[in-house]
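The structures come next, written out as structure tokens.
Below are two complexes that have chain A in common, paired first with chain B and then with chain C.
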Partner chain A sequence: MRALRIEFLKIRYKKIWLIVFSIIIVQGLWQLWAVRKMDANDLVQGWMFCLYQFPVLNTIMMPITAAVVASRLCDVEHKGEMLKLLYTVIPEQKLFFTKFLCGALFMTLATILQVFIIVTIGSIKGFVGSIPMDKMLYYFVFTVLINVTILLIQQLLSLHFKNQMIPITIGLLGSFMGLFSLFFPEGIKRFLIWSYYGVLLLVGMDWNEKTRVTNYYYTSPDWIGFFVVIFVFVAVYALSLVLIKRREI
Partner chain B sequence: MNIITTNSLCKQYGTALRVKDLDLRIPKQVVYGFLGPNGAGKSTTMKMILGLAKPTKGSIQVFGKEVNAKNRIPILKHVGALIESPSYYGHLSGAENLKIISMLKGLPDKEIDRVLKIVRLENQKNKKVSQYSLGMKQRLGLAGALLGNPKLLVLDEPTNGLDPAGIQEIRELIRSLPEEYGMTVMVSSHLLSEIDQMADHIGIISKGELVFQDSLSVLHKQSTQKIAIRTLNNQMVAKMLQEQGVSFQVQEDYLLLPKIADQALFEQIKTLLEKGAKIIRIEERSKNLEDIFLEITGTAVSL
Partner chain C sequence: MLFIKTIKAEKIKLRHSLVWIAFILLPIIPAIMGTFNYLQNKDILTDGWYSLWTQHTLFSCYFFLPVTVGVYCSYLYRLEHVNHNWYRVMTLPVPPIYSYLSKLIIVSSMVVLTQIWIGILFILSGKLCGLTESIPKELIEWLLYGVLGGTVICAIQLCISLVIRSFALPVGIALIGGIGSIPAFSAGYGVMYPYALLGLGMRANAPGGPIQCSIPMYFQNSMIYVGICVVFAYVWMKRKDVFAG
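After this line comes the complex of A and B, so read on.
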């Protein structure tokens, strides 16, 4: 707990929360614009619409958010050459974990805000039916899991490279790859961690070319995809520990 | 008991052996000057002691315990360090920087004021460190190292970037630490004069090898004065001196005799002249520390 407090003290005045809030506000405004004209059929599918739209938006925005958060957290150590001092008072693994925990809190906060936005929009617009609590929970868990896995990759890169342009660029590339992967065949999509916001979608979309009507439907959670992300998370974490232990200052 | 002991410590980067079979012996409660030209391996050695670099071969003992990956942090709890340039968070104030280190070390807040006072930064403590001068940053780094009154301080070139007054101040502070706080200080420098004014013990490293290690007084003893005599018949005079049982050294065209009292020297010269020595020069020679350092390291770098 003390180590986490220290981590927050380090990023004082860095306004990371403001970056996270800004991105979520952009997402919220985007969603508000998307739901501005809804007929009766749209309102029936309102919850599904949001649970489809947010993961797609997340594919673009969350990898960038994770890259920026990780970069801000790690750059403070590079700028003042703090690692050579910190590694004499705190084990490398503990510092890595605390930093990750700090970043993960920001990414979780972002997801909580998204759920809050979905619920608020649903209530304001009067989506038909009560809030689908189970689907919301799935959405929350899946999104947080992908967020923290991408954050972990970004943190590893941000801690390794002094020049933060490298991890930020990788984050941007990941975001684009994730977005384009939504058009890739299922087999290829599953090899990219950035595309898992789409892989773990809880809602399917059926667009009728003739009637130009879009219908949304719930799908069952993709537990295989879920465990693939957990596996990637564990593998990247284990790799991170090996690399930071090996690294010399 | 030595505070730091290293046995056959080696560090290899690629094919270059940067530290070769280093056997450091740093006694308790002294200022140990670690002297060597730039690139001699001082920082690498200090980083290995602090666990920031892994030795290729050899062992390190700190406070009598062999340092390994498991006990490194508990041992380093009693060690303060300042390696190369000072470490700091530029967007935070000096006090906030020290707060972070003291929290990591589990120390009370009053420690911050104590060390700020020692390095005379108490009036600048609320200023952002990015606005500090290099000298102030160096002092802040030193304050961080002093937090918790550690038993051992490892300082790598702590006077770098300081103005003459700052150098003097830090030097005096380091000098006072063993006596006032019972600390052992390992301080590195490439400046002989600096180590000469700070240290009790000295280790000279050159091209990764420890070429001298003892108390500074031993090094000073090597700087004793000599009488240099130049004659036109050195060989004959050397024979005469041998017969008289006088120890001497031959250096270029001179015969170096130990310095003796004026009267005894007069008698010695008189005897040599009487026996046919063709003396053309009599000079007093003194080897200063720099000459000794050059002799030991074989390099004039960074003096």
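After this line comes the complex of A and C, so read on.
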């Protein structure tokens, strides 16, 4: 707990919250713009529309957000040449976990704000039906899980490379591939962690080419995909612990 | 002459750097995936080279090229922000604005190379897709306008990286700036919004037609934005006491 408090003290003037908050504001504005003209049919499908749109936005924005958060948390040590000193007072694994926890709190907060935005927009616009609590819960859990898994990968890279261009570029590439993979067949999607925002979608879309009408429908949660992400998380975490222990500072 | 030397110094700073990773890799992904998407939806995307161009550039112009430029600019200022180098830069017998201008020239030439690379990848993809029509003559024009739009983003991002000492934060701002270009573009204010000039110039969503604003206005706004950024950088470096660490 003390280590986590120190981590927050290190970043108190770094305004990490500002970039996370700005991204969420942008997503909220985007969503408000997307729902500005809704007819009766759209309002019936309002909740589904939001639960479809946010994962797509997350695919574009969240990998870069995670890369920025991880880089801000780790770059402070590189700039101050602090790792050598820090590892004499705190075990490497503990420092890694504390930094991860700090970043994960930001990413979780971002997802809570997203759920809040969806509920607020739904209430303001008058989406038909009550809030689909089970779907919201799934959305929250899935999004947090993917966010923290990507954050973990980024943190490993940001801590390993002094030059922050490499992790940021990898985050950017991930975001790129994740976005394009949304248009790819299911089999290809599953090979990229960045595309799991799309794999774990709770809503499907059916676009009729002739009538140009879009219909949304709920799908059951993809538990295989969910466990794949958990497996990736555990594997990357285990790998991180080995790598940071072995690395010479 | 001194200015030429400053540009050369910037070039030396980039030698053996890993910036080529971003330069080579980032345009390849939209090229591969855009081509794949084009092949998957050939029955809807019937406009040949023009359809392929939208697939290559639509997402890149709004999301990824601004961020790529953000990475370039952050990288260029990183050296100044570490190891107390600002003290050295500011005490050199070189006007500080030369440092900004030489960085702007270097990063703009990187944008030129990126645009050439995008063009090469586009032609290769088209040939691989089996497009038999001739390559659109407008390609050079799209890429040149893209250079100008990209230079505007370079000027802004350099200012942001000059002020903010972090590597990552300006990249995040570039992402937000790029995304903001979509509503600006949809509302018809694309030419007024600096981050949208890239997509507007490259005709990312309407490659078959003319540019969606008057050409003089496009040039005028681009120049105004670059001018504002240069003045800002000049005033900032002149007035602000450096903080190096």
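FYI, the second predicted complex is superposed on the first by the 249 of 249 C-alpha atoms of A that agree within 3 Å, B and C clash if a C-alpha of one lies under 4 Å from a C-alpha of the other, contacts with A are read in each partner's own complex, and residues count from 1 in each chain.
Simple rule for what comes next: contacts are C-beta pairs under 8 Å (C-beta built on N, C-alpha and C of every residue); 3 or more make two chains touch, one makes a residue touch a chain.
A quick note: this is a predicted structure, and the numbers were derived from the prediction, not measured.
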Next item on the list: Classify the contacts of A:Arg5 with the two partner chains as first (chain B alone), second (chain C alone), both, or neither.
Entry: first
Margin query: On the A-aligned overlay, A:Leu173 touches which partner chain: chain B = first, chain C = second, or both, or neither?
Written below: second
Margin query: Applying the document's definition of touch, where does A:Val89 land relative to chain B and chain C: first, second, both, or neither?
Written below: first
Margin query: Once chain A of both complexes is superposed, is A:Ile118 in touch with chain B (first), chain C (second), both, or neither?
Written below: neither
Margin query: Output check: A:Ala67 vs chain B and chain C. Expected answer is one of first, second, both, neither. What do you get?
Written below: second
Next item on the list: For A:Ser22, decide between first (touching chain B), second (touching chain C), both and neither.
Entry: second
Next item on the list: Determine, under the contact definition given at the top, whether A:Asp75 touches first (chain B), second (chain C), both, or neither.
Entry: second
Next item on the list: With the two complexes superposed on chain A, say which partner A:Phe183 touches: chain B (first), chain C (second), both, or neither.
Entry: second
Check: Of chain B and chain C, which one touches more residues of chain A?
Finding: C
Next item on the list: Please indicate which partner A:Lys14 is in contact with in the superposed arrangement: first for chain B, second for chain C, both, or neither.
Entry: both
Note to self: Can you give me the overlap between the chain B contact set and the chain C contact set on chain A?
What the structure shows: 14, 79
Check: For chain C, which residues are in contact with chain A within the complex?
Finding: 18-19, 21-22, 25-26, 29-30, 33-34, 36-37, 40, 44, 59, 63-64, 67-68, 71, 74-75, 78, 82, 166-169, 171-173, 175-176, 179-180, 182-183, 245
Note to self: So in the complex, the part of chain A that touches chain C is made up of which residues?
What the structure shows: 14-15, 19, 22-23, 26, 29-30, 33, 60-61, 64-65, 67-68, 71-72, 75, 79, 163-166, 168-169, 172-173, 175-177, 179-181, 183-184, 209
Note to self: Residue numbers of chain A touching chain B in their complex, please.
What the structure shows: 2-3, 5-6, 9-10, 12-14, 76, 79-91, 245, 248-249
Checklist line | Complex contacts: residues of chain B adjacent to chain A | finding: 47, 50-54, 69, 73, 76-77, 79, 81, 83-85, 87-92, 96, 99-101, 103-106, 129, 144
